Structure formats: C-alpha cells, structure tokens
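Okay, so subunit A shows up in both of these, paired with subunit B first and subunit C after.
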Partner chain A sequence: MEAYLLNLAILISIYSILAVTLNFIMGYAGIYSLAHAVFFGIGAYASSYTALNFSASIFITLPVAMAIGAALSLVLALPALRVRGEYFVAASLGLQVLAVTIFSEWKGVTGGIGGLIGIPPVNIAGLEIYKPGEFIFLTVVTLIVVLVVINRLVHSSFGRSLQAIRDSESAAAAFGKNVPLIKTISVVISAALTAVAGALYASYLAFINVESFMLDTSVLIMAMVIIGGTGTQAGPIVGAALLLLLPSVISYLDFLPQTEIGSIQQIIYGLGMALLMIYRPGGIIGRKKVTSAGGSK
Partner chain B sequence: MTDTHTSSSDVLLEIRGLNKSFGGVKAVDEVSMDLRAGIVTTLVGPNGAGKTTFFNLITGELTKDTGSIRWLGQKIDRIKPYQAARKGILRTFQDLRLFNDMTVEENILTSIEPMSFPTFRTRAQRAEQQERVEYALERTGLADKRHTLANDLAYAERKFLSMARILATDARLWLLDEPASGLDPQSYDRFLDILRVEVKKGVTVCIIEHNLDIVISISDRIAFLDRGRLLADGDPETVLNDPELTAIYFGERA
Partner chain C sequence: MLALQLAITGLQTGAIYALTAVGFSLIFGSTRIFHFSHGATFIIAAYLFYFVDVSGYGVIPAILAAASGAIVFGLLMYRFIYVPIQRDEGSFFTVFVASFGIGIVVQNVIGMVFGRGYVAVQTSLSKSVELAEGLYVAPLAWIAVLCATVFFAALWYFLRFSTTGMALRALSDNPELVRVFGLNPKFISACAFAIGSLLVVPAAIISGATQGLNPAMGHHVMLISLAATIVGGIGSVPGTLIAGLVLGLAESLALLYVESQWTEAVTFAILFLFILLRPSGLLGRSATH
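Our next item is the complex of A and B:
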C-alpha cells in the first residue's frame, strides 16, 4: 500500500511538471498545444539515450534533454507561431502524430515499438537514486524548482508580455511587443522544462516506450490544466493530482463492476469536463465565470 | 484647399501619395500629408472615410499599395507594428483592445516594456518605470483602480486606461482613434486636460474625432477625409467654415 501511494505521488509530481509547463504557454500566452507529450517524450528518449550510451549523471542527462527539447520545439514554434491560434492547435496535432511515428520507428535511438529497457537510475554525483522513497524527493524538488522558475517568469516583464499577447495580440504589437518572437521563446522555455519531466520519468521507470508519449497523454495533460484552472498557479497541480487519483479511487469502489472500470472512468472524465466548462469555465482553482466586456482582437 | 498653417515646426511624419484598396474600394486614395511636431492634427470625415485605415498604414498594421511614409526623414514603408511602436509611434484603438485579464497597473506597466527576452532590471530602472506608471494612473484618475482587472472597469475608465497605456510611454507621436467618444462632460474635461499637458510637453497628436466641440477645442490643424481622399488640410476655422465640407460631413452630399 505504501509503495503504491509513493508510486502515485511520484507520478503526480511528474505530471504536475507537465501540467505546469503546459499551463505556462496555454494560460499565460494563449498557445494551445496538443504536442506537449512530444516534448515529454523527447526529454525521456534524449536522457535515456545519453544515460545508456554516455553517462547517467543528472548533470549531463538533464541538460542534454533540455537542450534537445528546446531545439526541437523550434520545429513547431517557428512556422506555427506566425499564424493564428487555431492553426497552431492543428500544427501541434500534426507534430504529435508525426512524433509518435518517429518514436516507434527510429529503432537506433528510441528502441522502436519495444522502447528502451534498462535505463540507468538517476545519478547525482555518484549517488544512484532509484528507491521510490528517495526518488519522491527528487521529483518534488524538481517540481518546486520548475514552479519557482515559472512563477518568476510570469511575474516579470516577460510574463506580462505573454499575458498581453494572450489578451490582444494587435494591442501588444502596437506597444512594441515582437509577438512571434515572444511566443517562440515561451514555447522553447516550456519545452525545455517539459523535457526535464521526461528525463525523470524515464529513469524512474527504467523503461519507456512510445505509449507514454502519444496523443492521449497530450490530451490528458491539457485536461489537467483546464480542469485545475488555466492561468492559475495551483490549478495544474490540482488537476494532475485529481486525474491521476481518479482511476485509483474508482477501482476502490467495490460496487462497480471491475470489468467496466475503464469505460466508467471515461464517462466520469467526459461528464466532469462538460459540467466544469459550463459551471466553472475557469477550472477548479480559477476565477468563476469570466465575463467578457469589450471586444478584444 | 491651400495650406494656411504657418507653424515652422519640424515634420515628424511625411506621407506622400498613399494608396490602399480593399478589393475595388479605395480606402485611402492618394493622400499626402505632414504631421508636424508638437501640434494636434485632427482627422475628421464621415464613417468609412478611411481614417482608421490611415492609422493602420502608418503603424504597419496594413501594408500600403503605393506611396511613401517617412518618419523623421527615414522611410518606414515596410515597418511592422512593434517596430513602429519602438520608434515612438503609438496608437489607441477604437475598440480599445485592453489587456482584459490583467490589472490596470499591469496594463500600463506592460505597455512600457517592449523587450522580448526575459530581462533583469536594476532597482533604479524599476523605480523609474513605477514612476511613469504612477504618473499615468494619477493623470487618468485610475489610481484607486490599479488592482482592478481591465475587464471589470466601467466604460469611461476603460477609455482612460487606453489613454494611460500610451501616457506612460515616451512616444513622440500618438495616434488616437476616437478616444473621447461616449465620454461624459466631466471625463471630456479630464481628457482634454491630459492632451493639452502632453502636447505642451512636446507630444505630437493625430486624433480621429467626431464631436465638433472637441475638434474645435483641441485642433491646431484639421485634415478632412472623405471616401479615402484628403479633401482639406488646414487650420480649423478654414476647414470647419467650408460649406462644401460641412455638407459632406453632415451627409448632405450634393
């Protein structure tokens, strides 16, 4: 039981990092990406490949994962951020589909469909961390660091620029904001931090394959952000915890037919999402109903 | 109509032969005009005369078909809106386009932060910024509302926030798109006072305005546009006393 809860806590903190980094671009810059799992995957594969072939030191695997995640995010950001919001969603969806193909076919790096096995544990200056009781500290500390970094960014001039762009791109530009550049930087920062979650995830499980980085995951992370509260600090974490706890809670309810748990879960998700969007569009943590005055373009 | 304005002040913005068509409609038709430093030029004309399009061409929101625009003698034909802003050309929008989910103070603060990369600022720089924000808050009477979301402001307050954003900057040219429309008399006075003080300090203003009382009380110069063409450009008395223009303005087209 304790191991089970510990495992859950580790996954919640990793998914919280994913939700927090997606919220950074979604909630503050208004960039809706369906490719978040791609950067999660890139971080996981890049750090695993590095750990398997070069060094398992966290001081090497993490920077490599972040750098590759950041660099590859430009593939999405550079062409897609010059167009309007709807097109970005479509472009990110395309990237997600493309990435799944690459993850499952590029055997030399990703291990193909079978994935990578025997990924070395995280190594911090010679100390190997693989026991869940120790790993939880690593993920929680990382989550806190990510939160602090994003919090600082959001409350800086950069964060204000993002929010201004979200509220009115044309007005932001009229006040000197280089909109495509600022959006690109935000996507790069988000992707680099997302890759950190991937690196932790891979070394924790010691095994990864494409199934963790598919469209379902991107949708799940987006659901965590929306349900928790887009554009809030705590919302994404609440959303991540809720959506990961839900399956466990449901499986404890004895009166439910065990074979139907999967579909019951889907129904609860769907219903919950719909009700939330109607009654609390700002999410659980978010402000109540957002009244929209004045037309902003 | 001849130019009767006698000021010898410098030309900030020089526009020559500007054209812009949308489909078959000429929104701006061969407009040539100078915006001189330190004065208020008012654009008047019926709806659809091309006034806002004219602003959009200056700031690079729209690309001209032909013609030239020079800022302090330098061509700025292919400029993007953010570059125009960084050169000191700022505008307000008729539909305001406030940063609705940000507070009043954040709206003003972000308007004086054009940088793209996360930037560190010294204590002195931040203090200087805050001073400018306070000035804009105080002049527009929004100091009490500094922590209110732009979305939650009343109509007149929203219009003043739109002014405050521009007021906090050090822009040399303000393009104001109907900033006073729908204001109550008391707000009018505040608005006029803001404008007078800043123009005295050297700001150049080009304003689109329909209310003739306001036009008369602020204009150093009036440019009359109709169906994309500049019909008159001169001192207020001459333009406003021209019976032909008045007829067009009030829709009594011959």
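Our next item is the complex of A and C:
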C-alpha cells in the first residue's frame, strides 16, 4: 500500500511538471499545444540514450535532455509565430502524429516500438537514486524548482508581455514588444522544462517506449491544465492530482467493470472538460469566466 | 503502372478526405464553430453502419442508420454544447475544449461497446478487379469517386440556389445582417451542422470497408479535416475539396518513395509548409480573421 501511494505521488509530481509547463504556454501565451507529450518523450529518450551510452550522471543527462528539447521546440515555435488558435491546434496535432512515427521508427535511438530497457537510475555525484522513497524527494524538489522558475517568469516583465500577447498580439506589438522573440522564448523554456520531466520519468521506470508519449498523453496533460484551471498557478497541479487519482478511485467502485478503467477515466474527464466549458470555463481553480484567453478572432 | 495504381488509390482516398473535410469546413466556415468532434461524427456513422450491417439488416437500413446517427449527433452537439457556450461569449478555446472532451467520450464509449481493435465492414466490393496488367482497382474506388461527385454537385446546387444555402453563405459573411433580414441564425447554423455531418457518412462507410475501423481514428480524421481546411483556405468549400483530393493523392503517391507508416508525415509536411508559407491557403481570403 505504501509503495503504491509512493508510486502514485511520484507520477503525480512528474505529471504536475508536465501540466505546469503546458499551462505556461497555454495559459499565459495562448499557445494551445496538442504536442506536449512530444517534448516529454524527447526528454526521456535523450536522457536515456545519454545515460545508456555515455554517462548516467544527472549533471550530464539533464542538460542534454533540456538542450535537445529546447532545440527541437523550434519546430513548435515556428508555426506558433505564423498563426494562432485553430491553425496552431492543427499544426501541433500533426507534429504529435509525426513524432509518434519517428519515436517508433528510429530504432537506433528510441529502440523502436519495443522501447529502451535497463535505463540506469539517476546518479547525483556518485549517489544512485532509485528507491521510490528517495526518488519522491527528487521529483518534488524538481517540481518546486519548476514552479518557482515559472512563477518568477510569469510575474516578471516577460510574463506580462506574454499575457499582453495572449490578449492582443497587435496591441502588444504596437507597444514595441518583440512578439516573435517572446513567443519563441516561452516555447523554448516550456519544452526544456518538459524534457526534465521526461528524463526523471525514464530513469524512474528504467523502461520507456513510444506508448507513454502518444496523443493520449498530450490530451491527458491538456485535460489536467483545463480541468484544474488554465492560467492559474495551482490549477495544473490540482488537475494532475485529480486525473491521476481518478483510476484508483474507479478501481474501488466494484460495480464498474475493472477492465475498462482506462476508458471510464477518459469518459469522465472528457465529460468533465465539456461541462466545465459550459458552466465554468476557468476550471476548478480559475475565475468563473475566462475573459479573453484564446480569442482568436 | 505502379504510379497509375497509386494515383487511382490516391483518388479514392482523396475523395474520402474531401467529403470528410468539406463537412468540417462547411460548419467552421459558416458558423465559426471549431467543431473538433467532427471526427466523432465520423466514427459514430462508421460504427452504426458496421453494427446494422453485421446484424444482418442489409445495406440500405445500415446507410440510413449511419446518416441519421451522424445528423443527430451533429445537431445535439450544436444544441447542447455550442449554443450554451456561445450564450456567454464562446472563445475559440472554450468551444474547442468542450468539443474535444465530447470527442474523447465518444471514442471511449465506442471502444467499450465494440472493442478497441480494428473491425472491418465485409463486402465483395472491396475485392480488387484487374483492369489492365498489373492494375488492380476495387469497385469501391469508383463508388468513392462517384459519391464524392454526387454529394459535391448537390452541395453546390444547394449553396448556390436554395434559400437556406444562400443564407448559409450569408452567415459566414455577416451574422448580424442575416438577423436583420429576418432569418434565424440558429436555424441556419443547425442546417450547417446537419449537412456537414451528413457529408462524412459516405466517407465513413467506405473507409470502414477499405481500411477498417478503430475507435481512435477520429483524431486522424480531424487531422485530415483540419489540414484540408487550412490548406484549402478557411471558409472556402471548393478550396477544401481540392485540398482533400491533393492530400489523398499525395499520401498515396508518396508510397513511391517512402514506406506506408510515413504517409501521415506527408500530410503533416504539406500542412506545415502551408502554415509557414501561405497561411491563407489555396483559395482563402485571409488567415487573420
């Protein structure tokens, strides 16, 4: 039971990092990405490949994962600069589909459909961390660091520029803001921090394959942000915890078919998203009505 | 000969893509509602056809079931999801998320009822006939092209000459003016949903027979619909039609050069290039409405 709870807590903190980083571009920059799992995957594959072939030291694997995530995020940033709203959703959906093909075909790096096995545990200056009781500290500390970084950014002049762009791109440009640069930086930061979550996830499970980084994961992360509250500080974490606790709660309800837990979970959060948008678009934590998040026209 | 073979397959795929995408484009262009669960309409129609057909009621009742299922779902979405959201303000984002959520629900309900694996509609029409040496074409390919032609001709006639069709085009230009003319925008929007949903029915049925069905294919349908709508130019029905055909042909002809798992990458590459170089699309007016 204790091991089960620990495992759940570790997954919640890793998914919280994912939700917080997606919320950063979604809630503050108005970039609705359906490709967040791509950068989660890139981080996981990059750090695992480094750990398996070069060094398992966290001081090498994390920077490599972040650098590769940041560099590849330009693929997401480019269409985000050209278009917004519905166009960008399409571009990110396409990117997600393409990434899954690459993850399952590039066997030399990703191990193909079979994935990578025997990924070494996190190594901090010779100290190997693999026991869940120790790993939880690592993920929680990382989550706090990510939260602090994002919080500082959001409340800096950079964050205010971002929100200005979200609300009206032309107005922000008229005020002399370098819109393309600000948007690109926000995507790069988000992708680099997402890659950290991927690196932690891979070394925690010691096994990854493409199934963890498919569209379903992107959808799940987006649902976490939306249900928790887009553009709020605590919302994404609340959303992550709620949606990950959901399967355990369902499995306690004996009258539901146990083989369909995954489907029931998805049905619940799908319905939750639709109902929230009708009655409370700001999410559980958010304001009652979103004023301008998204206005694409 | 291989190129010709692939071109004919591509034409079939393109016809299916065009039908699906024009449905979405018509809804989006006239009502400005980002109907992301259009993919759900597709799988509802496909599975209803499959279910009625497998149960042994015959093809005509199956087609009727698929068509009514699609139209009812489209109208329900409009009435119970989009109208309540738009009563407040309904930004692109709120509409998208709600629609997306319902899409997830439909996918999983169908997965629970019919299983998550592939099922296929059995018909002798999907059996290939050798037309010339090395050239195999299934009768379904001609049916797909014929269906697309008939449906698009009817759609063109409807939009051009019927009162509701003209009102639909007017709605995409100026909803206020439609109201001033004493027409009911809600009724016209509902028409757009009914017609747009009906258009995916032939595509869904033919796909079920040619490539099989899977509850998760709604996302692929949406990627194609969005790609064709954007490449064709948002708000342009002819543009979407052409783009759908082009995407189908491109995916098929790409097999001359790459393996089949990369066909979606071809769609994505075309979409990506258009977004970067010509966001207004082939026949679109302007990207920044």
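Heads up, the rule we're going with is that the second predicted complex is superposed on the first by the 282 of 297 C-alpha atoms of A that agree within 3 Å, B and C clash if a C-alpha of one lies under 4 Å from a C-alpha of the other, contacts with A are read in each partner's own complex, and residues count from 1 in each chain.
Criterion: a residue touches a chain if its C-beta (ideal position, glycine included) is under 8 Å from a C-beta of that chain, and two chains touch if they have at least 3 such contacts.
This one's a predicted model, so the numbers in the text were calculated from it and none came from an experiment.
In the superposition on chain A, A:Val219 makes contact with subunit C only, not with subunit B. Of the two partners subunit B and subunit C, more subunit A residues are in touch with C.
In the superposition on chain A, A:Leu271 makes contact with subunit C only, not with subunit B. In the superposed model, A:Val149 makes contact with neither subunit B nor subunit C.
By the document's definition of touching, neither partner reaches A:Val140: not subunit B, not subunit C. Look at A:Ile261: by the touch rule set out above, it reaches neither subunit B nor subunit C.
By the touch criterion defined above, A:Val109 reaches neither subunit B nor subunit C.
Once the two complexes are overlaid on the shared chain, A:Leu74 sits clear of subunit B and of subunit C alike. Shared contact residues of subunit A with subunit B and subunit C: 290, 292-297.
Residues of subunit A that touch subunit B in their complex: 153, 156-158, 160-161, 163-164, 166-168, 170-179, 181-182, 185, 231, 290-297. Interface of subunit B with subunit A (complex): residues 59, 61, 80-82, 84-86, 90-91, 93, 95-102, 106-107, 109-119, 121, 151-153, 158, 165, 169. For subunit C in complex with subunit A, the touching residues are 28, 32, 34, 36, 81, 84-85, 88-89, 91-105, 107-109, 111-112, 219-220, 222-223, 226-227, 230, 234, 261-262, 264-265, 267-268, 271-272, 275-276, 279, 287, 289. By the touch criterion stated above, subunit A contacts subunit C in their complex at residues 32, 78-79, 82-83, 85-87, 89-91, 93-95, 97-98, 101, 104-105, 215, 219, 223, 226, 230, 260, 263-264, 266-267, 269-274, 276-278, 281, 289-290, 292-297.
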